[in-house]
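Comments concern the structure below.
Read from first to last, the chains carry the letters A, B, C and D; within each, the first residue is number 1.
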Amino acid sequence: MIKFSIVGTTGYVGIELLRLLQQHPEAEAACLISNSQAGKALVDLYPQFRDSKFSGCRLVNYEEADLSDTDIVFTALPHGVSQDIVAELYNKGLKIIDMSGDFRYTDTAVYEKWYNEKHKYPKLNEKAVFGLVELNREKIRKADLIANPGCYVTASLLGLIPLVTKNIIDLDNIIIDAKSGVSGAGKSLKITNLFNEVHENMKAYNVATHRHTSEIENVLSELCGRKGSEGIQVLFTPHLIPIKRGILATIYVDLKDKYSQEEIMKIYQEYYQGEPFVQILEDEMPEIKQVVGSNYCLIGLKYDPRTDKLIIITALDNMVKGAAGQAIQNMNVIFGIKENTGLEARAVYP
Amino acid sequence: MIKFSIVGTTGYVGIELLRLLQQHPEAEAACLISNSQAGKALVDLYPQFRDSKFSGCRLVNYEEADLSDTDIVFTALPHGVSQDIVAELYNKGLKIIDMSGDFRYTDTAVYEKWYNEKHKYPKLNEKAVFGLVELNREKIRKADLIANPGCYVTASLLGLIPLVTKNIIDLDNIIIDAKSGVSGAGKSLKITNLFNEVHENMKAYNVATHRHTSEIENVLSELCGRKGSEGIQVLFTPHLIPIKRGILATIYVDLKDKYSQEEIMKIYQEYYQGEPFVQILEDEMPEIKQVVGSNYCLIGLKYDPRTDKLIIITALDNMVKGAAGQAIQNMNVIFGIKENTGLEARAVYP
Amino acid sequence: MIKFSIVGTTGYVGIELLRLLQQHPEAEAACLISNSQAGKALVDLYPQFRDSKFSGCRLVNYEEADLSDTDIVFTALPHGVSQDIVAELYNKGLKIIDMSGDFRYTDTAVYEKWYNEKHKYPKLNEKAVFGLVELNREKIRKADLIANPGCYVTASLLGLIPLVTKNIIDLDNIIIDAKSGVSGAGKSLKITNLFNEVHENMKAYNVATHRHTSEIENVLSELCGRKGSEGIQVLFTPHLIPIKRGILATIYVDLKDKYSQEEIMKIYQEYYQGEPFVQILEDEMPEIKQVVGSNYCLIGLKYDPRTDKLIIITALDNMVKGAAGQAIQNMNVIFGIKENTGLEARAVYP
Amino acid sequence: MIKFSIVGTTGYVGIELLRLLQQHPEAEAACLISNSQAGKALVDLYPQFRDSKFSGCRLVNYEEADLSDTDIVFTALPHGVSQDIVAELYNKGLKIIDMSGDFRYTDTAVYEKWYNEKHKYPKLNEKAVFGLVELNREKIRKADLIANPGCYVTASLLGLIPLVTKNIIDLDNIIIDAKSGVSGAGKSLKITNLFNEVHENMKAYNVATHRHTSEIENVLSELCGRKGSEGIQVLFTPHLIPIKRGILATIYVDLKDKYSQEEIMKIYQEYYQGEPFVQILEDEMPEIKQVVGSNYCLIGLKYDPRTDKLIIITALDNMVKGAAGQAIQNMNVIFGIKENTGLEARAVYP
């Protein structure tokens, strides 16, 4: 059995970890930490966990948590706050999967520029492994600190990595038009997250300035060996859509040479062969309803001979493959168990 | 292993059966029958089943289906149509769980009155067991034909049975104001099911004439030994709400004597003690988000001393406890395996 | 021209007043008051008012507002807070339409009991007129202080008044099961108002304890001359539904004698004859989509011969007939102009 | 008074025309034509028109309609079907505003290619004026046949015309990523329009092949004098979003030279100066909730110095500025009355 703890249990990501781990045959809860709700019974806040394997759990304060028999900790905290906790846990010898943006950059300077604050643990940052399993499976096996990728980042990278690896697109004209459900914004009390402001509405936000831009660029640049001011620059536009879960990323690239639809398809199929959670659709584009509640990422492809552009569309559930599910996938890799353990659920439809 | 077949696979209930059975360790697909989609691969219609245990399945015609190694058949067909198929399967010696209204009435005459058509198999109807496990667990164990209860009916009965059993309410003033998500209407092409007609809308429908009224009355009347024109009459008002899944039933009854909130609570807790899927909330009323995607029914209670009325609110997912999940619960009982096998998933939240 | 001011302009009700008054040919803005946004231009907060007759408006502080040429003030403030402002404005000789619950009760004691606080201006409260135009049109003409009715209250009373006036129902068994969109909760920052908590969810709240219960009872009791402990008691259950606008009230009553559907229909048609904003449907029940964005209240009726109960369903837009539209209707009556001036818009459909 | 008739009254566009014309002081209904609902009273289908100026209207068959005193006809029919009706009406000497795609192309060959059928009235097509008032106001004044622009087309063109007119962007790298509410799909009975298929879902459709692509290209090409195979080619990707009304178009272009954000802003402000329905936002991006129910198109701009791209975002209500409102704007221009007559309503918020 893997004994896990969560820091930040009562936010959406924490609860999603519990929902998924409830069906994970190898996982057992050690400490469920929540400073805001410490002392309360989990089931009093979330009655859906009655009679579950977590039904006896009580939330504890971080300061009072006994992590002595914990094998792995999920830290589901805001960036900045997360750093200190992660450093402390790391120094205690614990394995950590961090859901924040704090350890996702190989180049600490990029983090500091986009997050506009000093990183307090640059040394630790160097040890962190970016937890996109499809890219870093071998490194993850041996890692002690995983930086779980951002949700938009996962959707964008899974769509772009095969092309960048193959070096067949113009790296200076990548456009990612991404649409996200509202759960990506977390359980925070902002006017912009109110039902009345979101429903029957849609909008773009942080246009040309969203932090996930840099996270995408960081990985792609490294993939093709570009550094610093030579790094790849993408144009990333996030939109808020009135659904709870799901990201649809519509990606536009220019192909350097002529390719048929079939050749493109083959590149993706080969790249993702054997991957348990990435699926290439034929002759259709993915829809959010095909992934909600599941850890799958679906990819659709369309080559437009008129404009010589390739359109790649990826769909995933931001709470699962974009957050909690991917974290558990990382956990499974670290502990050497079957990668889809506890993650076999399929889309809840309709 | 239990080998199951489905007649009517590609409707919402059929697909929900597959979603749930995909995670049922004892279930294996024999024939997935769909006359409208026969010949197609399941994954071409529903890509969410790629790489699943059903990924190799192809839909077959009912007439061509080989059911020789099938242990149990789920019939997910419209009422009327279902009768003939069920009779045929029954005569072949198959166990059947029927999702339609065709075999839910102990009194065939009531069926004929509310459905306004002759029942072709009254004899078979007498052999059918009404598949509300919380009421008929023992009969279900030995049954060959289960009539899976209607979704509204399940939500209403689970709220009323403890009171009727205890004989503590006025049986002539029961009001059930029920609200349902749209998946209850199935995948049928009607103007009233269009997104543009449903979204940002709500309405009551079939006021005072909905067929589920009679299904509720049939069970309650039998429970307290009332028959024919002496039978219990309830006022049942269904409403359509712009959500996909979920039923919330607000039930109003008059208590014959004075009871405290605690006494009422105790009656329910005792009645449902040990039930794996019914939970009584304390000091709060259930919300749909606490059950979506799960087989649980939550019940909240509020005694109003001003009007001497008791308000009972029940919440369940009409696709799971109200249809496919309850059917699998019945299957588990029939085959003597743990009742919650394959049904342990908790609410998808948010 | 009628010069109006608003206290509490930037909340949902304030903005809805502006949306409607923008199309009112006789209305002109004097002061748009908002202490939280004072100094800002209206169009910077709400770009939809660019190039409108309010496009030059800047929000001002209550303390600094010059109300010398104001004819009427709409106070859109929380109860309790509203009292002091209303008293002050009243003493300045201004006409006021108050959107809060502070002046809606003829019996101050009932207010104090349900709102659990002392009313500071009981004398003023006696002068206030309850602004349900369909009930109090003549009194409103001469009023200086209008208490604009609550949204649930409007939906409930318009459904019940004809029956209570005719004295044909059992006054001890009235059940109102009401469903509301989320805009009724205002623009307040609460977890329960977040998109992720409301969407694909529904719930009952304040069961048997919602304040609007007493507001409904206060009017009905007076209508039939019942007082104090003899007053009518209704059971009122509000539900939150994932739509932005709209209330659907499903009302259950027992008729004292036998009536045909036609007789009931006639009672309503006669009672509301000539009313510009109340419409009785024949052979159908109202839907929210038929009233969204408009000041109309639709009423549907169904007599159930099985249970001898009458089901009345009313539908209105809580932001219009339930708040801002009704306030303007009151204003029109006070100033003796055509009652539907500025309120002629029909439902936005789909 | 302008006497109008509608062919295709009971679809969404027809009803939206009535909703808007109900508040148009110069418009009066002549014939409301609907072959599918002929003989029925309008208010029996749409109770929201009770007591309105259309409350006496009965739907009539096209063949039986007396158009002798009609000044202008709105044809709200599917393309293909529309041609014959329009030709017939034109020959009777009637002015026509056609909502279909049939007469929107200056180059008939482009129509025939993208719609994959022969145009039966190429001569008439040459006489039609493309009804984007902001582009063709003078021509519209004298036109007898207006082709009302497509909804996506309006959103795209209003965002691009200033740049193309100024000739400051690379015409070979225009990407339009558009998101639409479901009302754009009309009231047609398709599985893909069902609530259960659309809600909590999103998807792209007709990727790289949507007909509106050619309509956009046709106008832009003409604007810069490019013809035939030299014509501008844009990449247009429509997405379906679970809202009823609204289009958000996110447009990506490459600037040929360096411009500051201010310079770009000034170009748009100058181009649209005096336009009653186009508004350029400063320092913010438009949201659908700012335009729902209104005839306004809001435009936001963001120059990204990192990638040298300009992002233009436009928002409009597809039922109003994208269909019925724009048609009435055209009508107003034709009859020489104030352009915003009947179109002054602002966004319904929240």
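FYI, a residue touches a chain if its C-beta (ideal position, glycine included) is under 8 Å from a C-beta of that chain, and two chains touch if they have at least 3 such contacts.
Remember, it's a predicted structure, so these values are computed and weren't measured experimentally.
Steps from subunit A to subunit D, minimised over paths through touching chains, total 1. Note: the chain lying farthest from subunit A is C, by mean C-alpha position. A comparison of the A-C and A-B interfaces places the larger number of contacting C-beta pairs at A-B. Mean C-alpha positions place subunit A and subunit C at a centre distance of 46 Å. For the pair subunit B and subunit C, the distance between mean C-alpha positions equals 39 Å. One inter-chain figure worth recording: subunit A and subunit B are separated by 37 Å, centre to centre, where each centre is the mean of the chain's CA atoms. Contacts with at least two other chains are made by residues 12, 183, 187, 196-197, 199-200, 242-245, 286, 292, 350 of subunit A. Residues 12, 15-16, 19, 22-23, 46-52, 183, 187, 199-200, 244-245, 276, 279, 281, 284, 286, 290-294, 296, 298, 319, 344-350 of subunit D touch subunit C in their complex.
Interface residues of subunit A facing subunit D in the complex, by the touch rule stated above, are 172-173, 175, 177, 179, 196-197, 199-205, 207-208, 233-235, 237, 239, 241-246, 248, 250, 252, 285-289, 292, 300, 302, 304, 306-307, 309, 311, 313, 350. The touching residues of subunit A, when paired with subunit C in their complex, are 12, 182-183, 187, 189-191, 193-200, 242-244.
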